[in-house]
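Reviewing the structure listed below.
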Amino acid sequence: MVFFTQDDIDNLISEDVPYFDLTSSLLDIDTIPGKITYSTRDATVVCCVEEVERIMHRFGLKIISNTSSGKFLDKDVLFLEASGPASYLHVIWKVTQNILEYSSGIATRTYKMVKAAREVNPDTVVVTTRKHFPGSKKLCIKGIIAGGAMPHRLGISETILIFRQHMNFIGGVKSLLDKISDIKKRIPEKKITVEVESIEDAIMMAKKGVDIIQFDKLSPDEIKKSVPSIKQCGDQIKIAAAGGVNLANIKEYVEAGSDIIVLSSAYFGKPADIKVRLTPLGDKDER
Amino acid sequence: MVFFTQDDIDNLISEDVPYFDLTSSLLDIDTIPGKITYSTRDATVVCCVEEVERIMHRFGLKIISNTSSGKFLDKDVLFLEASGPASYLHVIWKVTQNILEYSSGIATRTYKMVKAAREVNPDTVVVTTRKHFPGSKKLCIKGIIAGGAMPHRLGISETILIFRQHMNFIGGVKSLLDKISDIKKRIPEKKITVEVESIEDAIMMAKKGVDIIQFDKLSPDEIKKSVPSIKQCGDQIKIAAAGGVNLANIKEYVEAGSDIIVLSSAYFGKPADIKVRLTPLGDKDER
Amino acid sequence: MVFFTQDDIDNLISEDVPYFDLTSSLLDIDTIPGKITYSTRDATVVCCVEEVERIMHRFGLKIISNTSSGKFLDKDVLFLEASGPASYLHVIWKVTQNILEYSSGIATRTYKMVKAAREVNPDTVVVTTRKHFPGSKKLCIKGIIAGGAMPHRLGISETILIFRQHMNFIGGVKSLLDKISDIKKRIPEKKITVEVESIEDAIMMAKKGVDIIQFDKLSPDEIKKSVPSIKQCGDQIKIAAAGGVNLANIKEYVEAGSDIIVLSSAYFGKPADIKVRLTPLGDKDER
Amino acid sequence: MVFFTQDDIDNLISEDVPYFDLTSSLLDIDTIPGKITYSTRDATVVCCVEEVERIMHRFGLKIISNTSSGKFLDKDVLFLEASGPASYLHVIWKVTQNILEYSSGIATRTYKMVKAAREVNPDTVVVTTRKHFPGSKKLCIKGIIAGGAMPHRLGISETILIFRQHMNFIGGVKSLLDKISDIKKRIPEKKITVEVESIEDAIMMAKKGVDIIQFDKLSPDEIKKSVPSIKQCGDQIKIAAAGGVNLANIKEYVEAGSDIIVLSSAYFGKPADIKVRLTPLGDKDER
Amino acid sequence: MVFFTQDDIDNLISEDVPYFDLTSSLLDIDTIPGKITYSTRDATVVCCVEEVERIMHRFGLKIISNTSSGKFLDKDVLFLEASGPASYLHVIWKVTQNILEYSSGIATRTYKMVKAAREVNPDTVVVTTRKHFPGSKKLCIKGIIAGGAMPHRLGISETILIFRQHMNFIGGVKSLLDKISDIKKRIPEKKITVEVESIEDAIMMAKKGVDIIQFDKLSPDEIKKSVPSIKQCGDQIKIAAAGGVNLANIKEYVEAGSDIIVLSSAYFGKPADIKVRLTPLGDKDER
Amino acid sequence: MVFFTQDDIDNLISEDVPYFDLTSSLLDIDTIPGKITYSTRDATVVCCVEEVERIMHRFGLKIISNTSSGKFLDKDVLFLEASGPASYLHVIWKVTQNILEYSSGIATRTYKMVKAAREVNPDTVVVTTRKHFPGSKKLCIKGIIAGGAMPHRLGISETILIFRQHMNFIGGVKSLLDKISDIKKRIPEKKITVEVESIEDAIMMAKKGVDIIQFDKLSPDEIKKSVPSIKQCGDQIKIAAAGGVNLANIKEYVEAGSDIIVLSSAYFGKPADIKVRLTPLGDKDER
């Protein structure tokens, strides 16, 4: 469940339907009763079905059958069906297809990576970065949750993640080490994550009590080498691998000993392929 | 130029910064003067520089140098630079990087496809579908225009595009043929596009005066076969190829004789890789 | 059907009801069950009934009877009726009356002009300019569609209409002639309209393949004189008459041979006169 | 001064420019420096110049000269001028013209009626009803204030105006009379206005201490007859004439002895005619 | 009844639930059917029950029992109860509790002051200033109305209240006296209130026909002394006491002869204490 | 720094100024140049100065002097001063005063409690609950940060806080104990807080590895008794005291050994008293 406001829903509709549907109105099909169906073309984790249903309700369509976001479906499964006048079926057609395809694409990519990671270590946690499509964060977050991941950070107001770009302003890694215990004292309700680019830095941070060591763009091998020394500093310290993780290499990162996989690659890529059919009620033809 | 409202800009910021920057505030770096620079890591058509500048102005940053959206840049080119207090540099960092990377990714993919198409036929027109990321239409549209394409339709209120899904409601292709001349009479300011899935349908539509024949998911070979018969119906009739066109096959579709290439593939894929550095003013270090 | 967002509807209400209804609350009539009825005082094409119903639903009123936007009604026809507590009936009273009166005024004026035009030539198309009331475009567009017209352009992002004000920047009419074929090539999915102020310019444009010649503020006589020469350049070229067309002169413009009538006069003028009565349930009195 | 939010301004722009300016971009005139000028074609009270300037600033245009809303200008007076790149001049052209024409139309009609009324009685107060264009209230209110009137009520939350439609729910005029003193006690900071349709009702209300007697659709003659009896009940009681007042009959209503003229006719009617010219900088041509 | 837009409601939810409920989702309790109940812990005038119900409807919860805003309830009274899945009960929990507690706190404080005032003089009118919590005006206004007060002014656009800060710009109290009759003439539909800080000024204003004399921060004794002289100027002149009125001193201000009590103290103070329980359906435990 | 959107700022203005300033316009003072000054009446931590400055810039006022949010000021210190036309000074007067008074009230109460707590233990952390004024969260959060506290949770999407109301759905405290290690595994980037109402529960939770034990409404004495046993389970476990903490008792809660003080009382109470003066430029008078 991700909360979409009415404004979120209406804006999605307005992008495609600023005023009305010119083509349908010229064809004089407005009041013909019809049906719209949505089916998978490939194995898919469907997402945003609930938001599509809200759009359907907006136009008075009747939901005949549906499923829940997060469900894994085989190919060629009809998972959503609604009826109503042809005018409204055409109005919602592409908007709803687009929402389903993009969010299910994210969910399915996430699902595959989570599955791959857990085949190696069932306790691995997959989280996604803030590199979501700008302007579409709720849809992206719903997608990755539906696929079995969690957001790494929802924004910069509630988590502490210290980057090299921060250290540049305090005098480098060394100066940060001097500050860690103070930061921990000031914000005892949060864990402290530091992104590092070398094993040496990682170990120094771990010794200072940093909760999560995040490696940026290290190879699985490099991470593997660092794990024992870090875990020696405290078993509760978590190792996160970030930077370029994708379906092709995620298993290696898990095998290397990462507790947490931080990735962006779930967000982008081809949308899921959802087949949508609009037919008059009673019609037998299949497209 | 795509018009972003202040609300569009503020919403992009709020996605990442709902309240404040927790990490920076804990590091006590708020008022240190610094600089942010953006450079390409690959050859890139940059996009949404203007929107990033508006975000910078919002926080009182000073633009030192910049470039325009739509510019093709080689790799390792610094194209945007601004200065201001560290707190604001960190606040805008990821938001602006995200906007640049996603929109420039779209622009660069578009650019490559347009270039490929025009190498075959310099008069080919590349247009993009409504399958943009839901909720981020302005950014997607700005991206494809920056890359040299145009939108196929900006929504369903101003263009006529008749799909099989419409014909289902009027009794099929034959019934549509009977209606074409009436539709043309009723909407003389617009061209009529019909999407067809076979050469036979295409020729019948062309004979009835349809302005643009859009082939959905036909192979380049099939399109090639249909061109002479269609053009015979009128030289001004345009042939559009849609459905699965991408960088790998676009040349074949142009060679087949398509006047217009309709594609969605520019919208999705990996964001451009933009290197962002934040440093204190006067700092010499390179990351 | 024009899509109004929930925000559109709520803003219409808030204009008149920022907080509550002071008068009704002082009269202690809040919970008395009552009825609200809307009738025409003149022959009227009613409009925005659906939006008024949404406002009624917002306050939990029960619709007893209604009609559809676009219906032509004789005078003294009751076309909408709802019941609910007196407080809510009074809250929605003037807002709903205002919406109905303004949009039905536009619809009725449009209807009369379309009717007049088609008495001369049943194939004439009436379209309306962008000179709608600023801030109320959806209501204006719904009004003219209800009256039988179509929008000329919904905005400047999807159509090509070249004015003298554009030519000023490219070196005048002659320079435009040199560019026409290039523009047509670049945007093959759209028709090109050029607004001209003389017959000479019209003929030159027609020869270059402009799709629609729009005359600005020419007299019907002048247009009449130009028609044969323009149609000689191509039977598919359309002639649009714009600038000062209204109910008094529209027939002359159609008789002159205009294919398309472009007008703004439908937007402004007296709102329709809708009689609204609020009575307690069971009450026999007529006002 | 009426307060327009940034959202108000941006929405006005977005109505006409949802994305970009297609025509200008095809003409490749984007960066040519130019000038836009606005002049009256008739004697006009100009309005919303400040809002137009905000739109100009939005696009970085430079204001060369301007005037203030509420100024009475003769015909053929240039009152606003700005410069900037051709692309932005064309983007703002029609939006700004529309805002100026509609609001100045309201201001000018108001001005004429106020002037006419005050020629008869310089103390007459002209106020306008809530029958403004739905969705454009701020622009309408700015218009009538610029023309010399004031709003009768800005909404239903802060004033007391009792209509027949209220009396229907409390048992008619008689029951209202019994409640007047109670209402006055409960809301001592407001004046009480009652709308009546007969002289008898007016006198009864005046006797009970109603502050303002508003006559709905009475003729000037009928009002004239009632004035002495009402004023006898208290010199401070004001008489308002409402319902169908316009430029043709306003003087008669003032002569009849109305203290306050309540009208809607200022809101609708033909927009003012503002001539707008766009030219390249340095250009000598006059259109 | 105060009109909250859908946006108002959605924004209240979004403040607490920007995306989803992390805790509930980790506990895997999402679909367990449960119940939420709200009870008073002290005698309370409850408020914003209707808005809480709208939030409940938003998430598909079923209202089992409720009461109306403005109702005085003893302590330990269950006044609202709803059922639905545990996930949604937890999502709405704190948001709804917060809304009820703050608005009922305002309503209850208002109620106590109105009651105290009317024990001295049943005709006293209590009104509240514009010093509401910034950003939450509707909730504050609903609270004070529920408690029996009315807003003094809903904003600065519809009432006339002249402060010392205005007089500073016209040359002081004397200059204002010269303008009063002109202002009354220009705005005959409104009462004129002037805030004064001395008895002398009060009497001068009263003589000039000011409708309401508002004393700022005078002691009850000082007000008492001024009443006879003011009332001598006209029995209809109202005396308003403003500045520091609260539950401890309100009776003295009424006894002093104030007709109207203007206060801000209802807005701030401890929220009402509302006990909220969430339990699985069928559960017997009391917390 | 808390990020307020332009919409946030404009909405604050619109609450008080829906259209225009009636009083000022009737006094004809619009264009008189003047000055507005803001001073403390008591020792105050000022807040939201930056937002007030944005409002001033909105109306073209010139800032003469200012200070930063979070500054502790003695009584009678002038901390903000601006100049501009009288009309705009009056328009912003009460809006800006309200924003400053409410947010500075929160900041000052927070400051006092933080100071008191740190006098006992300088490492104590004070955080505030989600019980902020509904609809005004940003202003509340800015207030408590200015006063030296931090938000406990910014919403329910990014933190884990398990209440009794959650345990009701999983079978009580015991069942939660069984789930703790699983939750920790699933969400390794976050700390787990559990709110308990008894010492026994606290110890059981501590043994299971809960990061923060939050006591709800326990007395300082009870907390004191539990501290040693909890800390024995792990020195890194933090003890948070919540429920009824205020300036009167905060020291006792710190003395009891709480690491974190969770409170709501900073949010409500009397706004700070800010003296605002508006005077014509050059004026010598002091109010």
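Descriptive notes on the structure:
So that you can tell them apart, the chains are marked A, B, C, D, E and F in the order they are listed, and the count of residues begins at 1 in each.
We adopt the following convention: a residue touches a chain if its C-beta (ideal position, glycine included) is under 8 Å from a C-beta of that chain, and two chains touch if they have at least 3 such contacts.
In this text, all values refer to a predicted model and were calculated from it rather than measured experimentally.
Minimum number of contact steps separating chain B from chain D: 1. Note on connectivity: the fewest chain-to-chain touch steps from chain A to chain D number 2. In summary, the interface at B-D recurs among the listed pairs B-F, D-E or A-B; the equivalent pair, sharing over half of its contacts by residue number, is B-F. Remark: among chain pairs A-F and B-F, A-F carries the greater number of C-beta contacts. Note: centroid distance chain A to chain E, computed from Cα atoms, is 43 Å. Chain E and chain F have Cα centroids separated by 22 Å.
Each of residues 6-7, 11, 17-21, 91, 138, 154, 157-159, 186-187, 190 in chain C touches at least two other chains. If you draw each protein chain as a dot and join the dots that touch, the picture is not a line, a loop, a star, or fully joined; it has some other shape. Each chain pair that touches appears in this list: A-B, A-C, A-E, A-F, B-C, B-D, B-F, C-D, C-E, D-E, D-F, E-F.
Chain D meets chain C in the complex at residues 8, 11-12, 15-24, 26-27, 29, 32, 34, 86, 90-91, 93-95, 98-99, 101-103, 105, 130-139, 154-162, 164-166, 168-170, 179, 183, 186-187, 190, 268-271, 276-280, 283, 285, 287. By the touch criterion given at the top, residues 1-3, 5-7, 138, 141, 145, 151, 154 of chain E touch chain C in their complex.
Note for the complex: chain D touches chain B at residues 6-7, 10-11, 13-14, 17-21, 25, 30, 87-88, 91.
By the touch rule above, chain C contacts chain B in their complex via residues 123, 125, 127, 150, 152-154, 157-159, 185-191, 193, 212, 238, 240, 259-260.
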